[in-house]
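In the two assemblies presented below, chain A is common to both, partnered first by chain B and then by chain C.
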Partner chain A sequence: MNIFAAGGKLAVLAAYFKIILTYRGMLLIHGLRLLLLPMVLASAWLSIEKAPGNPYTDSDYLLYYLLVPLIMNLTDSRIVFKFSLAVKDGSLNRELLKPFPPLLGYLLESIANNTMQLLYLIPFSFAFWLFVRDRIVLAHLQPSLLIFFVAAILIGWLARLAVSGSIALLSFWIEDVTTLNLILNGGIWALLGGMIVPVATFPERIRYIAELLPYRYMLSFPIEIFSGRLSTPEIYQGFATALLWIIVFSVIMRIIWKCGLKTYTAYGG
Partner chain B sequence: MQYAVTAIYISSLCLCAFVRYLVFEHDIMRQMAIIVNLWKATVIQAMEYRASFVFAIVANFFDFIFGLLQYLVFFTAAKSIAGWEADHMLVLYGVFMLVFALHFILLYPNLVAMGDMVNSGNLDLLLTKPVDSQLIISFRRISLEELGSIGTATILLGWLLYRGVIVFDIGNFLLFGVSMVSSLLLVYCVFVLLICLAVIMERLDNMSQLLWSLFALCRYPVDIYPDRIRYAFMSFLPVAFIATIPASALLGRSDSATVWHGFAMAVVAVLFCSWLWRRAIGAYTSAGG
Partner chain C sequence: MPNMNERQQEYAIVTRALNREFRVRLKAEGLAASLRNFFAPQHKTVNAVNDLDMQIGAGEIVGFLGPNGAGKTTTLKMLSGLLVPTSGSIDVLGYTPFSRDHAFLRHISLVMGQKQNLWWDLPPVETFAIHRRIYGLTDQQYAERTKELIDMLEISDCLETQTRKLSLGQRMRCELAVSLLHQPKILFLDEPTIGLDILMQKKIRSFLLDYHRRFKPTILLTSHYMDDVAALAQRVIVIDRGNKVFDGYLSDLTHKLHPEKIVSVVLNNGNFICNPEEGCRLIHQDGQHYRLLVERNRVPEIAARLYATGNIADLTIEDPPLEDIIGQLFTAETRNS
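For the complex of A and B:
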């Protein structure tokens, strides 16, 4: 089957957009929740006494946490919750009967969902930027940097999808994958991905580990590119690492999917 | 000092009057017995799914650990936050976790249940029962999954006491007790506001998420915010009194006036919320079905 034949997929994508728009209230609550924590963290970082060797200034922190909600939502993936629910309540059975690859459905849902977040993210980020614009420096921005930035968001989204997808597919065997997800996806992501602490401000050794793990590329990496603090070789190195992780996890996902389908006996109804 | 004595005197008088009112006018003992029986039923129900119960406890344990690691990671790049050093932040985290876990055990399951109760019409059934509607909706269910967090938070605070970060001082501990009570009362007020909102709007999903957003504000001391926001958090949006004030009372950094101010505010807020609930339920015309 040709993955790139548009027709049906566009229709499915449009359907997902409509489904999301039906629950606008939910979207708002979700948005509020995701905007609040970065704001709290930004205030926290603006009031710290810096540890020696921390390269970030107040302006860097402001720019960083201005972009965190944006990147966080654009690279978000809800496949763990959706897929484990589909296995539990049996709706996966219906998905399997359709002449449409079920995993592609999750990919399209993620695109629809993440793009939809821009509806409130862009006005909010703009308002916040107006508020602090005299303290943020954007003079270094060049077209090439912006292209890298967009590419990094795409890569981050794929990495997140691949890692989350691999965990989600374990629902074939494990009844409750949310605990595993909390550790591998939520916890380590928040600690070493750049949510609590920007990766660039870590001490040397922790930063090295964070740069090797895939989590940095889901959040911190695009922002580091945008802030202009990475040299071109560093950017390429980052892309290579992220791509490697995407390939590894896609292969893992494919293997799990094949084995899982064989053991899957469709409980629920 | 005199201020504190007067405040204690007045508040104990109020408390006595309130308890008298509850016992004689409100038949509180019978209602408490009903609540305890309902709690037993929910615990038995939870034990039916033992594996899922164990999973939830493990998940909550990791949640606690990751919360702790957050601060450790934070302090690799910072020496102190607005005058709070790493040890002080651990005290704040311990206090925060105590409040969070207590809310999770007592209020969270009721909030989840309330989400679809209005929508499905089950609320009408509850309102016909001869018990206080606010009491039964607030405390009908209990969830023991966060019990471990209370234990871990207590161990954390005990360790900090042992290390001398928290100095043993009866006065401070008393203030801490008072501020913990006001903190829990304030969280309860937010809970009542949310269920009122659910009654008015007839459908409100993910209310717990809204409540948790509020908790995100409490994870760091209010001293980090700009002056105007901090003023709001200390006065009409009492975020400061949920974790920051109890923690600073425990550290001996808070004066008694602030603590009693918070307590008075919490009591007024509870009375106001309960009035609001009576208004909301009075205007309720039944939905769903």
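For the complex of A and C:
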């Protein structure tokens, strides 16, 4: 039985890879979106005069925005778009009647999607790095730091999936959850997650709030680890905060899922 | 205890006092009413399924009939576990459907529309491969069943095309193949031939008959093509506005409600007079083509008289269209209530 179950997961994962390959064009458009904004922001930060007390050097900014597209992609989740569509077009009915956990499918879809994006994000980031490498300092990088970095990306991905998933499941009641998503997962994430302004350069009080909320861990946190700006206790504290949020939102998701299915009328299809 | 077992084997599906209500928001006409509706929405409750009791034996094919909005789809959704009942109980193969235990899901299939089972963005063969894994089929089972279903449904040429690009008929046949790959004990079919041309409808019907003969699944089928139901099911359950109005053999339904047959005759020349005293009524005449409504027991007599004229180009005797019969059932019901 267990072998079958694993086979099922692999088969569904493979299916998501195939779907992404079917729509290669979409992959490229999605990728351009990931690349363009960080490049604009990087050049903006490099060209303006830094405020006194800003801890970030040009090297920090370059490294930061070199990594932003990669982390943005690796922690990305399309569950809001995918799930609300599934409720509308009836494909949720299919997911519900198969001996396969429906929400697990969205997790696998995210793995497939985020992995595929790397196909061109890595070469592009590498090319970008070649271009600016004399201006970036990487002397501090150690294996332990890299392990923390990878773990932080995983945690960030799960946090994003849990927060987005909770919003996505509101599709059971709200016809259009994308607006809500745009505010919570787009706006607040871009501001407090550190896309527009690196979290480390926030004013003290706002930075404190950002470190409490889950958004920092979806983007800024892994980069802060990579740039060697966090002490080990700070790293552990970050992991603990992110894990707590993942647990909280997983519980929220479960509750919404249970209630949602009771109101679900399986209209589409 | 043996009694319990017996009963479970006897019935695949049992519902008791099954109800489902929907709360729907009333639409408002005009700006003022719309505004009022926006701030204080008005609701009404629709009883989609009302106090439904039914028992379906393992291996039976049952046709589920009723006009649009009667509650057929709602019932199928509850039986398959998509929709929670408002009240009442459902037992399908010993499971409560809405819990959607994987053990339960392994034994059923729902075909509702053309993408209940197929992955829309992939060719059908990929859905086959996914199902092989999530239902845990062995290599041999998979090879045998795919071959069998592909042959029976004649779908070898559309397996590699992206599902969204297939024609309606191809998609429906692939949909059926995929839904049967795990050999479900129960097959719920909601309007399986809707939108298909006559030829394709016939193909699907004969496939279902053939498949049922071989594997004996329990089939519950809704259709508004009465031919589907007549071809497949001996037993029918008719519902109207959520209420069960008939449950029994199709032939009983026909006899009870329509004790006449339709005699259709084309004469070479001359004419034919039929009079009501003989149990014969002319319902349509177009030149030499007559359509007569004849009482069942009088049919041989009238047919003999027609032959005696020695003047017949063509003669057929048939039951009135099931649509008319069912329609009559609903008008009768409304009259009674």
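By our rule, the second predicted complex is superposed on the first by the 264 of 269 C-alpha atoms of A that agree within 3 Å, B and C clash if a C-alpha of one lies under 4 Å from a C-alpha of the other, contacts with A are read in each partner's own complex, and residues count from 1 in each chain.
Here, a residue touches a chain if its C-beta (ideal position, glycine included) is under 8 Å from a C-beta of that chain, and two chains touch if they have at least 3 such contacts.
For clarity, every value in this text was computed on a predicted model and none was experimentally measured.
When the two complexes are overlaid on chain A, chain B and chain C sit side by side with no clash.
Measuring from the middle, so to speak, at the Cα centre of chain A, the directions to chain B and chain C differ by 90 degrees in steps of 10. Within the superposed three-chain model, A:11 lies in touch with chain C and out of touch with chain B [touch as defined at top].
If you count the residues of chain A touched by chain B and by chain C, you find the higher number for B. Contacts of A:258 after superposition: neither chain B nor chain C is touched.
Here's the short version: in the overlay, chain B gets within 9 Å of chain C at its closest Cα pair. Within the complex formed with chain A, the residues of chain C that make contact are 22, 77, 80-84, 100, 102-103, 105-106, 108-110, 112-113, 115-117, 119-122, 126, 129-130, 132-136, 162. Those residues of chain A lying in contact with chain B across their complex are 25-26, 29-30, 32-33, 36-37, 40-41, 43-51, 54, 56, 175-176, 178-179, 182-183, 186-187, 190-192, 196-198, 201-203, 206. The part of chain A that touches chain C in the complex is made up of residues 1, 3-5, 7-8, 10-12, 15, 18-19, 22-23, 90-91, 93-94, 96-100, 261-262, 264-266, 269. Those residues of chain B that touch chain A in the shared complex are 51-52, 55, 58-59, 62-63, 66, 69-70, 73-82, 205-206, 209-210, 212-213, 216-217, 219-220, 223-226.
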